[in-house]
Amino acid sequence: METTTTYVLLGTDGRLTDDPAARDVTPELCRDLYRDMVLARRVDSEAYHLQRQGELGLWLQSLGQEAAQVGSIRAIRDSDPVFPSYRDHAAALCRGIGPEALLAQWRGVRQSGWDPAEHRFGVYTLVLGAQLLHAVGYAMGVQRDGSDDVVLAYFGDGSSSEGEANEAFNWAATVHAPVVFFCQNNQWAISTPTGRQFGAPLHRRAAGFGLATELVDGNDVLGVHAATRRAVEAVRRGGGPALIEATTYRMAGHSTSDDPTRYRTAAELDHWRARDPVDRLRALLDDRGWADGAFLADLDAEADALGAETRRACRALPDPDPTAMFDHVLPGGSPTVDRQRDAYAAYLASFEDAVEEAR
Amino acid sequence: METTTTYVLLGTDGRLTDDPAARDVTPELCRDLYRDMVLARRVDSEAYHLQRQGELGLWLQSLGQEAAQVGSIRAIRDSDPVFPSYRDHAAALCRGIGPEALLAQWRGVRQSGWDPAEHRFGVYTLVLGAQLLHAVGYAMGVQRDGSDDVVLAYFGDGSSSEGEANEAFNWAATVHAPVVFFCQNNQWAISTPTGRQFGAPLHRRAAGFGLATELVDGNDVLGVHAATRRAVEAVRRGGGPALIEATTYRMAGHSTSDDPTRYRTAAELDHWRARDPVDRLRALLDDRGWADGAFLADLDAEADALGAETRRACRALPDPDPTAMFDHVLPGGSPTVDRQRDAYAAYLASFEDAVEEAR
Amino acid sequence: MTTTLSRAITTALHHALESDPSVLVMGQDVGALGGVFRVTDGLQKDFGPERVVDTPIAEAGIVGTAIGLAQRGYRPVCEIQFDGFVYPAFNQITSQLAKIHARTAGRITLPVVIRIPVSGGIGAVEHHSESNEAYFAHTAGLRVVTAATPQDAHWLLRQAIESEDPVVFFEPKCRYWSKGEVADEPDLPLDAARVVRPGTDLTLLTWGSMVETCLAAAAAAEEEGHDLEVVDLRSLSPMDVDALTAAVDRTGRAVVVHEAPTFGGLGGEVAATLAERCFDRLEAPVRRVGGFDVPYPAARLEAHYRPDLDRVLDAVDRTLAY
Amino acid sequence: MTTTLSRAITTALHHALESDPSVLVMGQDVGALGGVFRVTDGLQKDFGPERVVDTPIAEAGIVGTAIGLAQRGYRPVCEIQFDGFVYPAFNQITSQLAKIHARTAGRITLPVVIRIPVSGGIGAVEHHSESNEAYFAHTAGLRVVTAATPQDAHWLLRQAIESEDPVVFFEPKCRYWSKGEVADEPDLPLDAARVVRPGTDLTLLTWGSMVETCLAAAAAAEEEGHDLEVVDLRSLSPMDVDALTAAVDRTGRAVVVHEAPTFGGLGGEVAATLAERCFDRLEAPVRRVGGFDVPYPAARLEAHYRPDLDRVLDAVDRTLAY
């Protein structure tokens, strides 16, 4: 079997490789990406603690996957539509989705937090792989519109085993859809390692479907950025769909309900901690002197403020109105639902009346 | 992209290539395979005419695909379990499934015709691709039993787009199941050509999943036989799952309800008619003098007898008992179904009583 | 215009494609072949392969990409080739198509129509004769409709395509070749039931493939002096319960007829609703006549499986005699 | 033995794995993790990864391979991680698992059990709180059961595994941590309903997550002088209609309570059956209390969505006052 080498631009030693793309690496780019990652990590960590304090029902951490997300979303146009999975907080933040919108779903006050049209960023999809077909369909619309948008769709290694994910790969290849499938291969699907998920590397499977493929070190934000840019521009030029597999690691449990010590070792975690994507870029910044004290202090302050805002916004999220669930069942309206809303409102009011009377 | 050459043992000119497997080609083997193909074609043709005469509700012809089916099923052990699709009549006949069993489903008197355990040949699966997962599960059982059975599963080019088919490929590769997926790529899925079904050749996709693959001329019965034997023996030795793509052609309409002139040309049909699998082997037999007059006359007579038996068996298939549908809903029995059976039997009897009284 | 039910659908699709450039027709073999029932016959010729799209054989893919297309502003009309082949798309339909509008608090609307030839009666092989409307009607967030006449087939489909709702549109395949008038205007909204035959003694409530059977039963009963009313539900979800209730309040007796397996079928919903709402008016229990609770049998048995005139009349007689 | 419902399932699985070498447990994360609810905790350690099988994330694959394993003589017990994730397997369940026995005229039996944690009440995110039993109960060829107590969870599961039928086994996840006795013997067969509280004034018919709610309602009603009977259906298909009918014939009044959306839910089947069978005994319409006909809402609204003591009592009061 042919072996594929992983594309790396910023090595684990914090130094740029001699790949030609190194020429495009500017101090500004590095600082921007570093800022995105640091802020994302802060929001993620705050959310984790908010869950522990009972303020959120659940949280799925993006910890460790910042480079894969930030590197990829910063490589496409802000106008390019994105179909995320559910752990893509760093990408969401890059699209201007704030803590309030990000946390609403996990606090249980709404089923989704933001306007997909406004941010060109779909709502999270919890049913694994379902969003990949939506992305392909959207890309078929792009084709029909004659637009040069490229659609980016995130998914996980585990999700790739779903039939629907594979239908999406095949469909995209068949209709030559302008879509980039971006897999964050974080080595685990809850407790299931990739070795029990597939029998051959995903990027190789993707090539078999006829997709252009890239295998990239997902903890190398510059590499992810360069590889995604390359893939996206080829798609934009009409080269047909692509799949990027970014090798990364889920540093936290699957979710705040998970206990990863049941299925993986501390040594494995240590191995990956040494490959932390934020530290790696920081090493480059330090080495080159591209991040001065003022920049770092400002970023610290910005992160602190964002952390405070995350806590505030979370706690301030209002409980939904009891009848909100009746509001958007069918856009055309439903007499069944209307009857139930009215009856339930009257029922609730009867308790208030009873309380009133009891006074 | 790497190109794959199609494996051919018996060329379109009716001559053996210089492939080493040519050494294993014996007159007996050729006569046996020829006989299987001729008999299968006869049954298929009789069934077609029976449908035209209103004796069958529907028939899906195997015409043109005899080499792919006969070559593959004759390359495995008779004890190896097979999971067919719905057009695999030639394969079924090789497993001793007679015309009566074969036609029952299409006459509408039963939902399936034969005992899978007896013939090591599953019932036809009309829901595209569903049988591939059954084959993988069965193969997992084979693994657990420590048996050296190899499971063979047939499917079509169109079916390969279903999510379930791809789940099967991935699952088999992941658990290293002793299964061979055999695709009869007959160029069409009803009116849909392979070019609108997938974006890259199926055998290449299969390799991407981590399956061992073979691309073989599906109208070359000797080539199919050799390739399947090779693949199956590798699987039997523990080499993990394989996929064989056999390039063939559906010479008839999709079914007796189809009108293929709506979507394909006479020229295309002519092209493939010149590659007829039965004629091709016959050319070799003639060229080598391996089939004498007695053999051919016997075969003619045998085919005629089988044709007559097909017509007889079809017409003799008894209409089912009205209450047969209540018989095998739940093995453990169901009071709901029992009540309905009793009520319906009483209801039917009431008509007979009425008729009786009217006399 | 007099036409077949199948042709009434074709012309509705033609009209939609012509009048709204965002409408797409997609499915297996809908192009050159015109679909296995020829319902999309000629559309690809008139509107090209980008608007009448032959898809790979992947039902989840059909519905999933339709969802994406709808998010991009298109109005896909998907065809599922047969009732029994919609299940691979069940995940996309129930968890995505039905829920995305609610999940996004109304920010995303998905005007997707899924056309499904449904029910038996054509002597087909297994998986080609399922009556599976109950699965979809029980799924909040979907509109489910079915037509029994060319008029309803044409106008319900046009209304379905124009609606912003995800609609599952069932076409009773045994009625494809039946003829009838199609008027220049719809005469009812998308979610209204239709009294197809007024009557005073008992109400037959039905839909899809069984409407004709119930009309035949009513005609036969008339000869015996019974005046049966027949109501075609048309909209299975939301259900026009006010119309159904009004009908049964008038007659005081009701029989629900559908082809799907009886247990857990939509007839239970209809009967339970009427038994509750018309409690004081009912002079007899609401009976249900449906398919049996067994997998759809081989073709030679389907005449036994499907409710027919005699089985309907049997229930009618017992209800009238109660 | 006193134990939790979740633990009662674990011990049932342990027993099955121990006593029958053909039993396999398979699903996502059932091995080292012990499942997201720890129901399979420790099983892989005791029986190894070939019998307690971590699968890829492919629900159709889980059911589809289980069908193949069953054909080879195994008895797979599959876990679907959450109710909302069973839909990718819907095709394999409805068209294959449910029908193969009938399709082969009984030649193939498929003793496959599909365990599904079901319903809400644990504050989960979307797709993790579905009550989708009606889809399966309406599918001929499946047995559908659900347990509300450790005793039933343990014994129904053992009976399900021992049965030759394909069984969908629903586990109300909000009850996983509730405690109760598990006897050394089953006290009812697999398809029997249970009168969990006898009473004379009105029968509450319910199952799964709502049994406890109905018992609480009955206790509250008792304080107001009403003697309510509570029947846990347990077997949703086939349904123990004789027991249900007998109960309502005794009390003359019935309220059906379930968590699933009301429209097209199994409550319709129960109510329609009782309204028909107990027509002359019923003193009031059979009312249904269920989830609303909307997609399951955000966690902070689930207390409004799910039937609770007050909503049950409201229906009870109106039924008693009728």
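We call the chains A, B, C and D, going by the order they appear; numbering starts again at 1 in every chain.
The working rule: a residue touches a chain if its C-beta (ideal position, glycine included) is under 8 Å from a C-beta of that chain, and two chains touch if they have at least 3 such contacts.
Keep in mind the model is a prediction, meaning the values are calculated, not measured.
Chemist: Which contact partners do subunit A and subunit B have in common?
Modeler: Intersection of subunit A and subunit B contact lists gives C, D.
Chemist: By the touch criterion stated at the start, how many steps lie between subunit B and subunit C on the shortest route?
Modeler: 1
Chemist: Please name the chain that ends up farthest from subunit C once chain centres are defined by their CA atoms averaged.
Modeler: Result for max centroid distance from subunit C is chain A.
Chemist: In angstrom, rounded to a whole number, how far apart do the mean CA points of subunit A and subunit C lie?
Modeler: The answer is 40 Å.
Chemist: When the C-alpha atoms of subunit A and subunit D are each averaged to a single point, how far apart are the two points in Å?
Modeler: About 35 Å, centre to centre.
Chemist: Please compute the C-alpha centroid of subunit C, do the same for subunit D, then give the distance between them in whole Å.
Modeler: Result: the chain centres lie 30 Å from each other.
Chemist: Indicate the residues of subunit D shared as contacts by at least two other chains.
Modeler: Residues 55-56, 58, 60-61, 84, 87-88, 91, 95, 102-103, 126-127, 140-141, 237, 239, 263, 292-295 of subunit D touch two or more partner chains.
Chemist: Please set out, as single numbers or ranges, the residues of subunit B touching at least two other chains.
Modeler: In subunit B, the residues touching two or more other chains are 110-111, 127, 161-164, 167, 170-171, 174, 196-198, 325, 329, 334, 336-337.
Chemist: Just say which it is for the chain contacts: an open line, a closed ring, a star, complete, or other.
Modeler: The chain contacts form a complete graph, every chain touching every other.
Chemist: For the complex, which residues does subunit B have touching subunit A?
Modeler: Per the stated touch rule, the residues are 160-164, 166-167, 170-174, 176, 196-200, 204-211, 240.
Chemist: In the complex, go through subunit C and note every residue touching subunit A.
Modeler: Those in contact with subunit A are residues 50, 55-56, 58, 60-61, 63-74, 76, 88, 91-92, 95-96, 100-109, 140-141, 143, 163-165, 190-191, 237-242.
Chemist: Applying the document's contact rule, which stretches of subunit C touch subunit B when the two form their complex?
Modeler: 28-29, 31-34, 36, 54-61, 84-85, 87-88, 123-128, 263, 292-295, 297-301, 304-305, 310-311, 314
Chemist: Taking the complex as given, what residues does subunit B use to touch subunit D?
Modeler: Answer in residue numbers: 83, 110-112, 115-117, 122-123, 125, 127, 130, 132-142, 144-145, 163-164, 167-168, 170-171, 174, 325, 327-332, 334-337.
Chemist: Which residues of subunit B touch subunit C in the complex?
Modeler: 57-58, 105-111, 126-128, 158-159, 161-164, 189-192, 196-198, 257, 259, 262-263, 319-320, 322, 324-326, 329, 334, 336-337, 340, 344, 347, 351
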